[in-house]
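Once you scroll down, you'll see the structures, which are given as structure tokens.
In the two complexes that follow, chain A is the common piece, with chain B as its partner first and chain C second.
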Partner chain A sequence: MDTSSVTADGSACISERQNSILTTGKSKSSIHCADDSLAGSVSQRACVFCGARVVLNPVTDAAHLVHGPIGCATYTWDIRGSLSSGSEMYRNSFSTDMKERDVVFGGEKKLATCIDEIVSKYHPPAIFVYSTCVSGMIGDDIIAVCKAASERHATDVIPVESSGFLSGNKVVGYRAAAIALMQLIKPREGETVEKTRKLNFLGEYNLGGEKWVVERYLREIGIEINVAFTGDSTVAALKQAPGACLNLVQCTGSMHWVAMSLEQEYGTPYQDVNFFGSANTAESLRKIAQFYGEPEIIRRTEALIDREQARIQPVLQKYRKKLAGKRAAIYVGGAFKAVAIIRQLKELGMEIVLTGTQTGKKEEYDNLSTLLDPGTIIIDDANPAELEKFLLEKNVDVMAGGVKERVLAYKLGIGFVDHNHDRKDGLAGFDGAVRFAREVYVTTCSPVWGQLKAAGRRA
Partner chain B sequence: METVATQKVKQVNENQCQQCMPLGGVVVFKGIENAMVLVHGSQGCSTYMRLTNVEHYNEPVDIASSALNEKQAIYGGEANLHKALDNVIRVYGPKVIGVLTTCLTETMGEDLERLVATYRQNRGITTVDIIPVATPSYSGTQTEGFWAATRQLVAYYAKPAERHNRINVIIPHISPADIREIKRIFELFGLEYTMLPDYSMTLDRPYGGQYQKVPPGGTQTQDIAHMSGARATIQFGLTCPDNLSPGLLLEQEFGVPLHNLPLPFGLQNMDRLVETLEKLSGRSFPECLERERGWLLDGMADSHKFNADGRPIVYGEPELVYAFSGICVENGATPVVIASGTKSHQLTGLLATLLADADVQPEVLEETDFAAIDDAGVLHGANIAIGHSGGKFLTERRGMPLIRVGFPIHDRTGGQRVLSAGYTGTLAFLDRFTNALLETKYESYRELRKEEMGIKEGA
Partner chain C sequence: MLECIPEGSVVHTTGKINPAKTCQPLGAMYAALGIHGCLPHSHGSQGCCAYHRMHLTRHFRDPVLASSSSFTEGASVFGGAANLKTSIKNVFAIYNPEIMAVHTTCLSETIGDDLPNIIKTAEIPEGKTVIHVNTPSYQGSHITGFSGMCKAMVSYLAQSDGTTKKSQMNVLPGFVNPGDMREIRRIVDLLGVKMIMFPDTSNVLDTPLTSKYQMYPEGGATVTEIRDAGNSEVTLALGSFASHDAANVLQDKCGVTGIPLKLPIGIKATDDFIMAIKDWFGVEIPASLTLERGQVVDTLIDTHFHYQGKRVAIFGDPDHMIALTEFLLAMGMVPVYVLTGTPGKAFETEIKKMLEDAGITGSRVKAEGDLFELQQWIKEAPVDLLIGTSYGKYIARAEDVPFVRFGFPILDRAVHPLMPVVGYRGCLRLIEQISNALLERRDRDCLDEDFELVL
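Moving on, here comes the complex of A and B:
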């Protein structure tokens, strides 16, 4: 029996979390990451179900049915700022609203009825059925229910095995979503999808219309997007995914596995891209042009980059003058986003003093470290106490992150840049880089911080 | 005429009107001095609840989780719960920890009382009160969670105490601004009181001073202990179920007379509170309240013809729905739809009395969703809605203005400052309501008249 006494020692850091925090240039060992959150540490992470839900949600004409008690559906209703050029179906949130009786006697019958109701009211081309903690715990066979419903209605009813308690947080949910997508796009027996010269854009969720921005660039250089996974996608368009000649992967955390699977099953090669920041955007366009290898495409790409850079660099320089030397912190969901932000803040002449992610992997952290100056704090799966400690210690001027980090930053009198999945403004491409720089500027250099400091002195 | 509640016949819940049960409990514990909350379940639940609270209150709202995964889901979550309690005590140093169950741990059958007792014994904890509350969302919504946690606090602390002169004030989930207004009214009558819960400072912190992880403010536990000796309890809980009623517990166990009142939103409801306070204090109507009442009456007269054009949908938690329906009725804007995601045994009866003289009876929906609310609104020609941000779709899809009250308000700022209590708050609400109707009217009447008369440009 453990009889050790427990007392508040006032320190922000729990000893078991020491290996999840390192300082670049000082720590010899690798960061401890990709593990379950420590109980009671007030992690900023969500759950497996959330991971699956955010990846699939932008499939615009699909119905999304959450099999569980009400909360899981409520909290993820219209959760992303993903835009649609057509159907708004995805912005509805369907729940089987499991009650005590369903928990005791099983929820399969109710699930089947709910699917029937959705089909008869909306006739969606596909329904994604998500399992949650409770439906997983009581062992409802959602695969069997979905299979029967698929046959009954001659439509795609796809199970997403995303019980919230599964080990491994959102990343496991990304995989559950990926498996569901692979199931959806699998051609029926005897059917094949013809190869084209179009490309798929994986890990792009059309937040604030970002997919459309990239689509416009690609069209200009003579390349068409087949379908994005999953921003502004439709079920019919996703089913054409095997016809692409190339897969671009942007958000690697959610889509790397899909890219590998598509390569294995349909022989489509893939390459990583990143359309956040002007340098990343230019680099990504060049990579794509190289893949096609046609002189005309390459010529148009260079022309586009020259034109856009000439247009935006003077604007960025203005912001750079205001922001150079300011100290920034980054805490975001995945490493892809952290890398994108680090590069952009550096282009603005800023110093990164703290960074971290909810779900980064070891290789990703190793890569991250190479981008950072010695003495930068890196935290995996941070909590508010740690963020508070380092934001203050490192004298941070501005932080980039999600909603939960925003309120903490403001309480500490620190500027904040929203880089979360419910943002309304697109940050991709050349114009997105300007918008990002502007947001960093307006929050870092806002007059309110001066007033707040004055108020602090009075107190 | 009798008000009939429409039964929900469909199984699927389409766009949720309610939140989950532990969420209500979280808010209650945030209103207790030096308290922290721990949610016993998978990591996602606590993060979702943090997000919802953060978006509404614009304050850091730290909630710990026992972060269970599949192993503990099978073998039990005791070790995780104990570790979580250790870490919460270390980092936050609270005096009170509210431990709320989730759908997962309830389905697992975790015996929380026992787990907590073992923990206290093993660790020799004497200075931290650990208070478990059962909050399975398959049996209730945030409304029941709020009452259950409040009642549990009373049950935990209240011991037979000497009679004293204070009044117990028990509130449902209202805004910090409302709490402050109710406190001011009690003070105007010279009454001493214990407000339970009181998150008026903890979830709406003034800027300044050093940031504290557990913000100062909240109901003191020794005051809760003394609630048993109070002269009377005023509970704003007409719709509170008896088995969850803190006021009823104090009356039955300790003989504290219970005045169960409607929220003091609206002229008549506020008059009822004033009447009760006059009796309890022996003082007559304070002059400043008399003036505020006069301003309200003056405003009601000025706006009554505009308000008569209102055909409101009122939705949300039962206690708020009843109060705001009252304001509508006394201003001649009888609701056409009254709806709650919660099932209440009292609401329908209360509404029948309130609407006894109404020309046309509204459709009353309980345990409902926004699909049903929207259908009913279209059927009955609704032109304005009153409730939380979930109703944003009524604006998007039907073009009707939404007066944001209740919880959560995530798409506008200042949810914590929305004032509806007292004569002053009622008038503030009424002005918002009237002005929304006027805005619609002035924007559309020229075109409407032309359309009606078939007037075409240049004709």
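Moving on, here comes the complex of A and C:
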């Protein structure tokens, strides 16, 4: 944005936003976050529905039915990039396509008919029914409709209370999804799920096959994944979730509450893991091995780590040579992702000058600050004007973020790496660390930036 | 997706499976971006705004800015008036646009916010403008929303100074790419007629990379220009679904003659567009345009045996489908399935008439359809080619049909927003894409002994 269109004092931010931005080492106060966005702001945030959709959509053999006007279904149709080893049912988009008459007279009947038709066509093992702004506002009782349909068809029809207006914070939608998942996996009256020595992998969405990478490591050290929440999961596998002896939690924003609930209801302990970056991967594998505590598992884990590190470190060093000293910015959905990226960029010798999230919590920001050098800008719920201001001020070479930040970064002549739903290459594990380094290198050191400089010379 | 069509008899009477449309606000937002110095504003939950920006960004691969009233539960209970007033204040204070174009969402519509009154009582800085359109997502489609925002531009802004009209024309381009709008301008410039085109997203969503980001790029019809549209002699409204309404309002309000046309996609529709300008203003058609037309006819003859008689399924926005059907018929292809997600019986009537005139029977034509139905039809009786948005790729893969991307949105290929499909140059692009898709399939499938260098 040109400077004439910012406020008179030259700052791109309105005064109410000042507490949402701080500089490490300078500001004493803690960051203002998890607030609602200002009315009239150009926020990069989304809504409750969005949060619920991204968490549940990777359940591969379920039908996902959006109860609302068409847009909510269209915008969330197969955008997550979660891969499936079996059913592709989740990649279809089902909508009740509410019309004016449904808004006036209620959409419950139409919803029931849609459920009936989905069952008759596909017999899915479960149907998730998502409420949206309108169905929530007019008071459609999706819980009752789902309950009746469940009984009628003897299948799981699970309501997800995800009306967009409930909050502009995706985290609230994660909770709605979590409640739906807990409902799905609850064993029937009188039934129990046998405990096994397998583990669940929470907050893993199998983007670019990332779950499969971790699954191969665990298999090698002698541990099986029971089910992932929710990458490449099936309804039947999710129902076995209470049988795990351990829950790994990766994306803490979406799954911490599920982990706590699983511990409460089924007595399963949990631990946080992070498979982004070689150091994180090694650390996470060791933690898991320690939990099992068996010498053979520990031995295999060390062997795996040694072998993989020996294989990838020379490659990473090559990228490090190209990237050391370059300046990076991060703006992502949640704090988990931010932490993961900070570590990896540091491993590549890069300097992080700006970090922000859409939905971080206070304690997460406190944790972020400890990882960053003094002088780093930390920002909550940034608007594009703020991002632009700091990207230019801090002379950033590469940015990690999501869809909307990509084009902004490019326009400013800054490289971009997608660490969001759009990424197509798995970035987890040791090979993922190499792929990440390669992506950062490709975009930071693209020869195309030379054309920009050439244009400058010509002018 | 591969299991989208189940075996056996199928009941699909209600709701949508794999939609071929999206909601009104997206169209309104896109149209608003075609006003210079405009910040579109979504009056509803934050998610809507984020989704529309994301969808548009994925198609155009350029930044799309828009603000939101950021509804929360409170606003939903007590009404969104306070949110909108605060928004208007904040938007002008922080982002300082020339004009703010507000559209509603299904939420604010359901609550029943009275936008004209809220805007009237809001603090709007001197010299700045706020316009609005009601875009309930539970009616119509993104095309309806686009049309609605075009109408709002006319009803809020256009003004007639008096009785004498200026020798200039308005063009309502419809929901097309910036590359198309740029091409329309090139053709009109060649004809030497002064034009006000609105909306105009060229130089807004196809901007060059310069290392400087302009929140309000150079392009877009200015408020002054749209105001002056009321003084034009004539309006060419391209596409009945996206543009005709606004032209009608302009005719009623300012007495500007509206000429309804198709989108200038294909040789005949382009001829009609150029002839309408020639007939109204009495200008000569320059030799360069005659040459372009001749090249299209030449190319059609050079390639006609590649596609003549081939069965083709097409889906997308109604104005695009109407013009494309006409062109495919001119190419000698057989449109067997024509589907749009946008409601409107007029769509079916118009396409059926064209097919009938061409002596084609047994085709299926449907408005307000979805891609489940289209795939079902293709499974029952296959086609040689599928033309449509990126969402067609699932069907193309499942049914193994060659596929040409056309329309909005295209999420999996780049460059297309810059390459026109309108005008004679657009004809060449379409011929090339259609021809190549069929030939590449031939090269892929044929036996070694049939594999030819020269085709």
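Just so we're on the same page, the second predicted complex is superposed on the first by the 443 of 459 C-alpha atoms of A that agree within 3 Å, B and C clash if a C-alpha of one lies under 4 Å from a C-alpha of the other, contacts with A are read in each partner's own complex, and residues count from 1 in each chain.
Keep this in mind: a residue touches a chain if its C-beta (ideal position, glycine included) is under 8 Å from a C-beta of that chain, and two chains touch if they have at least 3 such contacts.
Every value quoted in this text rests on a predicted model; they were computed, and no experiment measured them.
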Assess the superposed three-chain arrangement around chain A: do chain B and chain C clash, or do they fit?
clash
Tell me the contact category for A:I330 with respect to chain B and chain C: first, second, both or neither.
neither
Does chain B (first) or chain C (second) touch A:V134, or do both, or does neither?
both
Report for A:E117: first if it touches chain B alone, second if chain C alone, otherwise both or neither.
both
Is A:S87 in contact with chain B, with chain C, with both, or with neither (first, second, both, neither)?
second
If you lay the two complexes on top of each other, which residues of chain A touch chain B in one and chain C in the other?
1-2, 4-7, 12, 14, 36-50, 65, 68-71, 73-75, 77, 92-100, 102-103, 110, 113-114, 117, 132-134, 137-138, 164-168, 383-385, 388, 403-404, 406-408, 410-412, 452, 455-456
Chain B-touching residues of chain A, taken from the complex the two chains share:
1-12, 14, 36-50, 65, 68-71, 73-75, 77, 92-100, 102-103, 110, 113-114, 117-118, 132-134, 137-138, 163-169, 383-385, 388, 403-404, 406-408, 410-412, 452, 455-456, 458-459
Chain C touches which residues of chain A in the complex?
1-2, 4-7, 12-14, 36-50, 65, 68-78, 87-89, 91-100, 102-103, 110, 113-114, 117, 120-122, 132-134, 137-138, 164-168, 383-385, 388, 403-404, 406-408, 410-413, 452, 455-456
In the complex, the residues of chain B that touch chain A are 10-16, 18-21, 23, 38, 41-48, 50-52, 54-55, 58-73, 80-93, 102-104, 107-108, 122-125, 136-139, 141, 205, 207-209, 211, 213, 341, 390
For the complex, give me every residue of chain C touching chain A.
1-4, 6, 10-19, 21-23, 25-26, 39, 41, 44-55, 57-58, 61-73, 75-76, 82-84, 86-91, 93-97, 105-107, 110-111, 136-139, 141, 207, 209-216, 341, 391, 394
